[in-house]
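In what comes next, chain A is part of two complexes: it sits with chain B in the first one and with chain C in the second one.
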Partner chain A sequence: MVRYVPLVLALLAAIFLVAPMAIIVPMSFSKAISFEFPPPGYWTGYYAQYFSSHSWLEATANSFIIASGSMALTLIAALPAAFGFVRHRFYGKSVLNLVMLVPIIVPAVVSALGYYSFLSPLRLVGTHAGMILAHSVLSIPVAFLVITAALKGFDRNLERAAMSAGAGPLRTFLWVTMPVLRPGILIGALFAFLHSFNEAVVAIFIAGRDASTLPKKMFESIRLESDPVIAVVSTLLTGAVLLGVLLSLFVRKRPASR
Partner chain B sequence: MAYLRLRQLVKSYDGKSNAVDRVSIDVERGEFITLLGPSGSGKTTTLLMIAGFETPTSGGIELDGRNLVARKPYERNVGMVFQNYALFPHMTATNNVLFPLKMRGFPKHEIGARAEQMLGLVGLRRFADRYPRELSGGQQQRVALARGLVFNPDVLLLDEPLGALDKNLREQMQVELKRIHREVGITMIYVTHDQTEAMTMSDRIAVFCNGKLEQVGSPLDVYNRPANRFVGEFVGDSNFFAGRADPARPGWIQLSGLGPVRIAGDLPAGEVDVMIRPERLRLQRPDEGDGMDNLIDLIVDDTINYGDSVLVIGKTRGLPLRARLSSKDGAALGPGAALPLAWAPADAHVLARR
Partner chain C sequence: MPAFRGAGLISRDSLTAWLLVAPAVVCVVVLFIVPIGYVLLLSVTDPTVSLDHYRRFFTVPLYANVMVNTFRTSLIVTLACLALGYPLAYVMARRDDALAVILLAAVGLSFWTGFVVRTYAWLIILGNKGPVAATYAFAGWGSPPQLLFTSFSSTLGMTHVLLPYMVLALYGVMRKIDPSYMRAAESLGARPFGAFRLVFLPLSLAGVVNGCVLVFTMCLGFYVTPILLGTPKDMMISQLISQQIEDLLAWGFASAIAVVLLACTLVLLGIYNRFAGLDRLWG
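Right, the complex of A and B next:
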């Protein structure tokens, strides 16, 4: 008996995690005009509504733009920071390490308020740039942690081997350091993208009308109209994220990377 | 003039102590020279300076008459093989070997054949398309060797390249490495703390201790005529006795606690250390020798049987003494047994006390 306990627990956990999806996907094909489960009938009308709605499509585009921008900014900041941190000694290093991690600890609502009061005098509230900045504040420390860990495990003799093979610093970095660190960098990038793509609290505070992202739009629409298009968006989003994660797993399994 | 010259090389990491302390070595073109020394004696640091990864605190490095110190590692033509292989994990064996050729701008039509030939030389043609993690330790080390040699470096540096291999593979690779050295004729500087490896592979051995160069010489030189007690004890097994050369009795040395012994050759004056290798001691037989041999009694404490020989560990008049006897002579010796031993005057090596 006892040996089935872990299996049962695992199954329960899986059901718990998958259950929302099991409800959302059928609902996205539902005929009901509001949320209703089980659905009275099935059609794809709400998918048609989503793909013909200007505001939904705009939010989708915003989400992609902001998530991509946040991913880029995160890498631009976290990569050099991780290198500087792991490879050099400097005064106040351990304090800085703690400061770097603060954004992970502070509750989202608190930071959202902070961003609002910080970004509004700069006229960045309601802009893509403002959203990218705000979302990067959290993903930079996370990417920094991941890349730092990868870099600490990096064998510097690889760089020495590359240099004695005749590669200068740039080529050593491009052909040896980067490819070897790629899994860590990819995870950092993936996190940055997904974090920005899923984030709702900060978006509600500072996205405004022009930079409204999918999560914000969904939140508003569920509050104002209980529009079943949300189920469609949720299904599409989850599908896209799942695809992304599977893709990155596949990339890691390939023999070319470690 | 020597091909590679290290002149009064000093490296200090912390500004207080010297990891490498005034080391001067002249390496001939095509030579296989081994840096031998205990852990932390500065061998790796010396290699890193030759490769250009560490800058000497002072002193010079010349290759073929040109100063190397000012040049970046990638501007030098120096190959390096690391103990942990340091193969590029994201490249196949072939691509690892191609890497230096691409970086150094070898002609495109040439590099494929060159890499293949090099993988052939190390016996890995069959594994050309494998990734490092699909290769055994010995195979990985061969790839690393091929990568270090393929661009025809002026010097190949090897930092304990066989350190991670098991004993059998190690010995096989030693033979292999010597063969490759003969075939390519590239100057090699080899680092190890295994004295047997140094003895069997090297043209010359440079013995390091605490950053200082204690002795440079052929393996037999270093073994038979160590420059000081450290070298004598580090390279091979040894017995040391304190003694005193008496100017009034040339050819004799008074060993403290043991009495006078006859020693061949020129002797330094004053306080000396006398070294006798355990294998130079033999069982005394009444009818043997020319009557000039020194005699010494060994009281057995313990024996280690190596199969081909027996190491007898014991004491002579309270002083530690080790003798290596043939397995026939050394068989069936129990603790407490008294062995009469003899050694010839030419078998000892005498060092002036510093």
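Right, the complex of A and C next:
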């Protein structure tokens, strides 16, 4: 019996994690105007409302634009940096390595306050550009850590083999180094995209009306008016994540080590 | 950082290295560290140049209560996450079957779903028309206690939101514990619990430290959940900052509070960095 104690505790913890999120699904089909569970009746009216609401669709589009933009910018900065830190020795390396981690150390409220006072004189508050800059800096450390880890596990002999077989440095990089590192880079990119897509605090402070993202709009709707469309958006987002998680489980087998 | 490998293949020239790291470092310094500097500056210059905000924060009892409440809540959330997360990570790390995959998927699902969505779920569950209230009515227990907008709901919500971070920190370390150590202990006569206590538990402590530091520091400055689920009566630091800005437009004082929050976080992570090295924190 004692053998099963960890298993039971683990299952309870997993239920605690997932069950609250499951309640969102019936709520999205509920006819109730406010948070009422169990729902008094079911319909798909709030889905129709979401797909015809200008402000919700605009927030959705903003979320995608900002997340894609900051993913691209994050990779442009983090990828070369990972190579620099893993493959070279240079003056000030350990200090700069700490500097690279600063954005994930600082609490989001503090960063948000800083961004607001820094970006408003530049007229970047309430713009896509401002949001993309802010989010990419927040994602750089995570992408950097993921890509650095992939690069540390990279077998340099593969490059040596390519070079001794006559490939130039560029060819070696494009045909040997990059393909091997691709999973690490993809995971880094995914982290950057989803971090921006889910990020609420900085968005609440600096997105304004014009660059409002889904998390910001949801946060404000919950506080002000309890718009039932929130349940629809939550269901769609959770569904998308669930799909992604299931896909990742089917596509690749469990990685050998982390 | 591991020892430098592969000397000679790629130039050891510092210049190349600096060119490679420059975009990221410049981004972080100009677009992050400078803005944080603005917060520091604002805290001592808005509206006038003085240290009044700090004096006020450290002398008014209300703010001391906020600090105490923030640290107490963070500690409760961290311990709750550890209690819930340890068995979960243990089972995930020790099994290699479909169940381990399902549990990993459950953790992944909650890890990748945004804080706002998951906090929203608790608004429904604990609300006065939610399932808890419905259960009370159904069982004939009368009206349920006020659950929402209390420090209980805020603590519960944060535990739920931060649990995946704890589990992944623990899992990252536990996964690397060689199962043969446990078998060796058992074949030498240790009972299952003895093998766990004497072999697995000590080896997993690095994960416990990582998870606790991660969850505690995240909790200290946590914004979304305390604001949506908590009460102004038992404020956390982030609620106080939000209140100062939204209700009072007191940017200077809000910045000073933010600096105090940052200082607390940096001290904790500084201690961690001294003993473990900061880049291990995220596995």
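Assume the second predicted complex is superposed on the first by the 244 of 258 C-alpha atoms of A that agree within 3 Å, B and C clash if a C-alpha of one lies under 4 Å from a C-alpha of the other, contacts with A are read in each partner's own complex, and residues count from 1 in each chain.
Note that contacts are C-beta pairs under 8 Å (C-beta built on N, C-alpha and C of every residue); 3 or more make two chains touch, one makes a residue touch a chain.
Every value quoted in this text rests on a predicted model; they were computed, and no experiment measured them.
Colleague: Given the alignment on chain A, is it a clash or a fit between chain B and chain C?
Modeller: Overlaying the two structures gives chain B and chain C room side by side.
Colleague: What is the value, to the nearest 10 degrees, of the angle subtended at the Cα centroid of chain A by the Cα centroids of chain B and chain C?
Modeller: Result: 90 degrees, to the nearest ten.
Colleague: Which holds for A:200: it touches chain B only (first), chain C only (second), both, or neither?
Modeller: A:200: touches chain C, not chain B.
Colleague: With both complexes superposed on chain A, which partner does A:173 reach: first (chain B), second (chain C), both or neither?
Modeller: Touch partners of A:173: none, neither chain B nor chain C.
Colleague: After superposition on the shared chain, which partner residues are touched by A:160: those of chain B (first), chain C (second), both, or neither?
Modeller: Touch partners of A:160: chain B and chain C.
Colleague: Tell me which partner touches more residues of chain A in the superposed arrangement, chain B or chain C.
Modeller: It is C that touches the greater number of chain A residues.
Colleague: Considering only the touch criterion stated at the top, classify A:47 as touching first (chain B), second (chain C), both, or neither.
Modeller: It touches nothing on chain B or chain C.
Colleague: Please state the minimum Cα-Cα separation between chain B and chain C in the superposed model, rounded to the nearest whole Å.
Modeller: The answer is 5 Å, the least C-alpha separation in the overlay.
Colleague: Jot down the residues of chain A that show up as touching in both complexes, chain B in one and chain C in the other.
Modeller: After superposing on chain A, chain A residues 160, 163, 257-258 contact both chain B and chain C.
Colleague: Hey, which residues of chain B end up touching chain A in the complex?
Modeller: Within the complex, chain B contacts chain A at residues 51-53, 72-74, 76, 78-80, 82, 84, 86-90, 99-100, 103-104, 131, 133, 144, 147-148, 151.
Colleague: Using the touch definition from the top, list the residues of chain A that touch chain C in their complex.
Modeller: 2-3, 5-7, 9-10, 12-14, 16-18, 20-21, 23-24, 27, 32, 34-38, 76-78, 80-81, 83-91, 93-94, 96-115, 117-119, 133-134, 136-137, 140-142, 144-145, 152, 156, 159-160, 163, 194, 197-198, 200-201, 204, 215, 218-219, 222-223, 230-231, 233-234, 237-238, 241-242, 244-246, 248-249, 254, 257-258
Colleague: Which residues of chain A touch chain B once you look at their complex with the stated criterion?
Modeller: It comes out as residues 155, 157-158, 160-168, 171-172, 175-176, 179-180, 182, 255-258.
Colleague: Which chain C residues qualify as touching chain A in the complex?
Modeller: 1-2, 4-6, 9-10, 12, 14, 16-21, 23-25, 27-29, 31-39, 42, 84-85, 87-88, 90-92, 101-110, 112-118, 120-125, 127, 129-131, 134, 160, 163-164, 167, 172, 175-176, 192-193, 217-218, 220-224, 227-228, 237-238, 241-242, 245, 251, 254-255, 258-259, 261-262, 265-266, 269, 273, 278-279, 282-283
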